[in-house]
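Each chain gets a letter, A, B, C, D and E, in the order it is written, and its residues are counted from 1.
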Amino acid sequence: MTITYSLEVSNARLCGFTNLLLRWKGSIYKYLWREVILFLICYYSLSVLYRYLLAQAEKRVFEEISVYCAAFTDLIPLSFVLAFYVSQVVARWWAQYEAIPWPDRTALMIASFVHGADERSRMIRRTLGRYLILMQVITFQAVSTAIKKRFPTEDHLLEAGLMTEEERKQYDKLKNQLGTKWWLPAQWFSALTLRAQKERRIKDSIQMQALLNEMLTFRGLCGTMLSYDWISLPLAYTQVVTIATYTYFVAQLMGRQYLDPDMGYTGYVIDLYVPVFTLLQFFFYVGWLKVAEELINPYGEDDDDFELNWTLERNIQIVFLIVDHLHSQHPRLKRDIFWE
Amino acid sequence: MTITYSLEVSNARLCGFTNLLLRWKGSIYKYLWREVILFLICYYSLSVLYRYLLAQAEKRVFEEISVYCAAFTDLIPLSFVLAFYVSQVVARWWAQYEAIPWPDRTALMIASFVHGADERSRMIRRTLGRYLILMQVITFQAVSTAIKKRFPTEDHLLEAGLMTEEERKQYDKLKNQLGTKWWLPAQWFSALTLRAQKERRIKDSIQMQALLNEMLTFRGLCGTMLSYDWISLPLAYTQVVTIATYTYFVAQLMGRQYLDPDMGYTGYVIDLYVPVFTLLQFFFYVGWLKVAEELINPYGEDDDDFELNWTLERNIQIVFLIVDHLHSQHPRLKRDIFWE
Amino acid sequence: MTITYSLEVSNARLCGFTNLLLRWKGSIYKYLWREVILFLICYYSLSVLYRYLLAQAEKRVFEEISVYCAAFTDLIPLSFVLAFYVSQVVARWWAQYEAIPWPDRTALMIASFVHGADERSRMIRRTLGRYLILMQVITFQAVSTAIKKRFPTEDHLLEAGLMTEEERKQYDKLKNQLGTKWWLPAQWFSALTLRAQKERRIKDSIQMQALLNEMLTFRGLCGTMLSYDWISLPLAYTQVVTIATYTYFVAQLMGRQYLDPDMGYTGYVIDLYVPVFTLLQFFFYVGWLKVAEELINPYGEDDDDFELNWTLERNIQIVFLIVDHLHSQHPRLKRDIFWE
Amino acid sequence: MTITYSLEVSNARLCGFTNLLLRWKGSIYKYLWREVILFLICYYSLSVLYRYLLAQAEKRVFEEISVYCAAFTDLIPLSFVLAFYVSQVVARWWAQYEAIPWPDRTALMIASFVHGADERSRMIRRTLGRYLILMQVITFQAVSTAIKKRFPTEDHLLEAGLMTEEERKQYDKLKNQLGTKWWLPAQWFSALTLRAQKERRIKDSIQMQALLNEMLTFRGLCGTMLSYDWISLPLAYTQVVTIATYTYFVAQLMGRQYLDPDMGYTGYVIDLYVPVFTLLQFFFYVGWLKVAEELINPYGEDDDDFELNWTLERNIQIVFLIVDHLHSQHPRLKRDIFWE
Amino acid sequence: MTITYSLEVSNARLCGFTNLLLRWKGSIYKYLWREVILFLICYYSLSVLYRYLLAQAEKRVFEEISVYCAAFTDLIPLSFVLAFYVSQVVARWWAQYEAIPWPDRTALMIASFVHGADERSRMIRRTLGRYLILMQVITFQAVSTAIKKRFPTEDHLLEAGLMTEEERKQYDKLKNQLGTKWWLPAQWFSALTLRAQKERRIKDSIQMQALLNEMLTFRGLCGTMLSYDWISLPLAYTQVVTIATYTYFVAQLMGRQYLDPDMGYTGYVIDLYVPVFTLLQFFFYVGWLKVAEELINPYGEDDDDFELNWTLERNIQIVFLIVDHLHSQHPRLKRDIFWE
């Protein structure tokens, strides 16, 4: 579900972002609490080991390792790699939002350019509209686990009324030849407009071409969605960033232990029991990485992923409204109140 | 209200940006003075506590915590995360400005392509123009608190003359089926152009298609505005940045206290009473964050938010001027003074 | 005036950018020399104060403040905020260049699509062309101080032959209703093409629509220019960057003073009299900020601002050449030398 | 082969990226293991040299060099140059993906605009479709080693049925005049549409122009692919980045040696035998560079390169399906289940 | 000459970029060797001065200056300003490549839309094509020293057959009025299409408008090339970056001298004679700046500049092939081997 908070930040005021900190849904706490607990368990295990279980000689080794680990924190510029990586992920994330096709434009074109009030004309308009939805739902199936759960097979599309029996058959007949058939509704769409033009329901090439072009743009966005799903950010890049972050905090587990102040290591003055700042640092860096993790596939079911289910629902309703129910209906013309 | 200062910086001169520092409206001071006061109150409370209220032993604990906190400031690369976050917010902010639809293009198309000087032709042109405004105002209602205040319900649109009674009814009739109906005026627009074409007021498919296309572009921008409102920058990202900044300065509250120089802590030499540089640093970092806060929803009522109210007003006037009052009027042709 | 140096750097050679360092016009020296002198005056005043005027006890205080200030330089990541801010300003600067509309395309369309060799056809073509210029000059008036100086009022447009008496009247008549009327020539343009089409000088809807569309693109760029002028980078952002830079160097004024080496402060070894590196640092950071200052409004009269005056001049000449003098003229066809 | 992992990261969960760390194919381990081994061999050779082979005096020299090298690590901001370089490479990489032309749009246009059910019409449609594929395969030959291996010469295109004998001849005839002839199929395409229009199979200029325009867009993408292949990121830039990274680790080889702790060099406390953190650092920086290396030519045969072979295969099938087998076929119209 | 190395890096392998390090042409060594030698001469001069020529007291001064200079290296964040500056230059560089107009699209449009097999039709087609080339070559003359050398005057264009005598005259006649006349061939082009349409060689407005539009896009790219040449990155920005880099290494010349270890300055342990790391650092930073210098005007004659000469040659051949020699020629239609 998309988390919208624009209303709450529409005006800058005292500590304006503070109220955002108290949310749970889609929050960084929700994404991160498991990691934090895991980190704390490891941290305290090591702490208990050092304080109560180790012999003096072993403690000295522990301390040496700890100091060595503490030095490591400067070796990897975590902030650099995270900042650039998250930037790229955020850019992709928005591009992925913009790739979601909305059928409104094409539906309005269908309504405007496929003429006729008889049943067959209505049927053509409705079918053209339905093909848009069908193309979209097949695309969504491929990229989104949520939609895949809702429509696991073509049977479910049939049931939902998005496909007819015969369409199903033609769709299946093609199956043995090619893996991905999301483009088939586009083919049907263009064949059907061709038919409609022959029957003089589409009047001329201008209208035909405009309609076709609009559908092809819609089709192109479906293709873009599939591309983003197919071509992830290179695995090696994600691995480098992840390993850098994780090893950093594995080193921190040792390096930030409270050491016996009698040994005189610099910077080990007070024993806080709770490693507040280490925890905040963990929260910050791993939280930053979590943002990337949350955004890297926004077609999933995270709190903040795009609501493709709602989108689909909305599009089905809008398309049928525009191409059929509201077709060529508009309020009666009247002089407006500014008329002179 | 938009803060324009381009005139004042049109020429680079001695300390050219200095004159910008003396402004109040839309300034960083105005956004930040409350936070600064809050910070100072906390700072002096701790200072008073340390200097006058604590016992010697407690002072030593205070000092240890203070030194510990002071060390924290290096742990979080605040500048990195703020720089990238603010960059992304600024990019979104400008994209949101560019998403504001201006009806001029479509209005000129209406004036050019819907022919006829009779009342019905005028009525069609005015109504088409009004639908653009209506689509815009419904969009603005959804994204902007300022417009929502001005037109809280459809009744206010009716009163303002942007909707007729019958339009209101049709709009309401649809209500029980779907949440968002901002696209309905687009449907009316296309149905009305269809009617106009049938009545030969729009002459051919070229003109029809150009007009429709222009309106769809306008509609698309409304959709983009709604998208920016619906899909905020991920909550978790904003939280990570905010928490990083806030905890940084909570640590500073302790870490920058003036400690007894007799204790020999490094870097605690002079007692300034006013922590000038800590304050400047606070001003800088929190100010940077405030810039993000101000820009993250530019459709609000901040000093520097886009003036949607003015925009709406202007568009209403321009649209009626272009589609009706000035329709097919142009100054009489004359030889210009360069004529040879 | 635009500073072009691409020729001098077309080939990379020994110290290739060195020759650029010797220029004055548009150079960083020219922008910065006043600030440098101001900085030096303050620096030496403090130096004199410390060396000759203060008592020993006061000197100690001075030294403490100096050391305290020197520590401040690490607190604000000036390079971060400047790098990102200047990046954004440079991106806007180029976008602002690209927003300058050139009438060539539209003029060629006018020449191609408004047919007829009689005087009235010529007059229509010339007037359409003139409206482009008029729209441009009104836009330039609003955004550019240089153009505003040249054409302070509509009277000057009239005198320059860019407006006729009647146009002036119609333009003024509208004045009492709306503030900005730069779009009015676009309205006249479209009304005049409508007239031309009725008179069969524009042959069909294709040509009509292509011409209109081209003009609307031109109009859109004018709108973009006005937008960039209207919506500056948020004031608060500019303030944060400016204050950060200025306070940094106010702190440097104290922090980089030469202190008595007998007092044993680290890093105060040689007395250079001229604080070479402090000056270079000042030059670098304030120079970086100056680049932003120079670019933030490129429609002004800085050495490096876009030459809107020249642009206007050139456009007037080109438009009349294309739409009238050279209309439908082309060299006689001949076999070229490659003909076989 | 493209490495897709979007499904595995569709939901953020505990250590969500962890499961990506266990992959081999396309992983950073696979790219990097040779470099790591090489680095370790060098490291241990030096270590053995120091510990067992050098005399005491030589050891002192070794130590001095080591300390000197260790200091070098701060001199080059490797993270900066890598972060920006990799950013640019990633941006190019995605642009290169977007440059891959898909013939679907053009094929659907061919099916819609080249009319007629007779054999000659079918032949024209098939040939037009084939020319798209041919243009693509010649482009792929030039940029991709994988495709070059599959189709080393024009003979192989002939064999695969992508060229006819006569086309081959015409293609070869042109050979002696120009190097690159990838645009020739575009010329044939346009000549053939001209023919089809003369034979009234393409009905009017609208359709003709739409078809031509679509093909030209396809052709433009082929040109873009060739451009990315022709114009690499400047060699000097890549060299600067590579040399910086390599010299950094050559310095590390010496600088991170375990030195005799008796000599009292700071930071040489424990003898880990395995230089864990140096290795991690190597892994991180060289891994980052490897990401660039993997992405800089994504038309190759790396694990993560774009699968041009599959793309070609798919396109051949789709094109013939759309322009011929499925031509003007669509499921019989039926009332959908929402019909009222 | 463009340096292409994509083939060599198509697959990531052991030290994949290593083989790029051994190239000379277009390499960073070739750009940088003069600067390196200059730097070394200065370095050793100072070194000799210090070691052999100065008295003891002078040595102490030298050492103090050296230590002072060494401290300077931290004052200017060279990496920041270089990283951002080079990023901007690289972005511009690619935009400049994309601005190079290729006439293929327009040529194919000419071939498709200017009908007729008679000599006059051929002549029109050839002349239209030639005008594209002419517009391009005049643009190239203005921006590229290489093309300027090849065609210093219009006489050379005449000789090369790109202009006819009469065109030359008309071109010259205009000279006294305006400086830049690169747009004139565009005017001729549009006038000639107008003529062709009147003679019914271009059949309708669709074709006319498509052709005109294509040419205008070509013209627009020429304009963009001129813009990039005219509007350089602001001089002040380039100066700031250059001065920062140069002063940094002037300071290094002193600061990295080998000082007498007996004096006990920290970090001056071994006397390497060759300042390896200083040299590497010089190589790195100045190399980075050199990349910018090489890319800032890519229309020059650097090893890595775009080959405008080749481009022109190629375009001349292609244009005449498409608009004339191959006009309406395509291989005879045949059933392809997949025919069923």
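FYI, a contact is a pair of C-beta atoms (placed from the backbone, for glycine too) under 8 Å apart; a residue touches a chain by one contact, two chains touch by 3 or more.
Here the structure is a predicted model, which means the values were calculated and not measured.
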| item | value |
| --- | --- |
| Any chain that touches chain E and chain A | D |
| Given chain C and chain E, the chains that contact each of them | none |
| Inter-chain centre distance, chain C versus chain D - centres from mean C-alpha coordinates, in Å | 39 |
| Computed distance of Cα centres, chain E from chain D, in Å | 24 |
| Per-residue overlap in chain E, given as positions that touch at least 2 other chains | 31, 80, 83, 87, 204, 206, 290, 294 |
| Topology of the chain contact graph, where touching chains are joined (line, ring, star, complete, other) | ring |
| Round-the-ring chain order [start: chain C; next: chain E] | C, E, D, A, B |
| Complex interface listing, chain E residues touching chain D | 2-7, 9-18, 20-21, 23, 26-29, 31, 79-80, 83, 86-87, 90, 93, 97, 102, 104-105, 108-109, 111-112, 203-204, 206-207, 210, 267, 269-270, 272, 277, 280-281, 283-284, 287-288, 290-291, 294-295, 304, 306, 314, 317-318, 321-322, 326-339 |
| Parts of chain C lying in touch with chain B, wherever the complex brings them together | 31, 34-35, 38, 61, 64-65, 67-69, 71-72, 75-77, 80-81, 83-84, 87-88, 120, 123-124, 126-127, 130, 143-145, 161, 164, 166-167, 170, 174, 177-178, 183, 186-188, 190-195, 204-206, 208-209, 212-213, 216, 219-220, 223, 227-240, 242-244, 246-247, 251, 289-290, 293-294, 296-297, 299-302, 305, 320 |
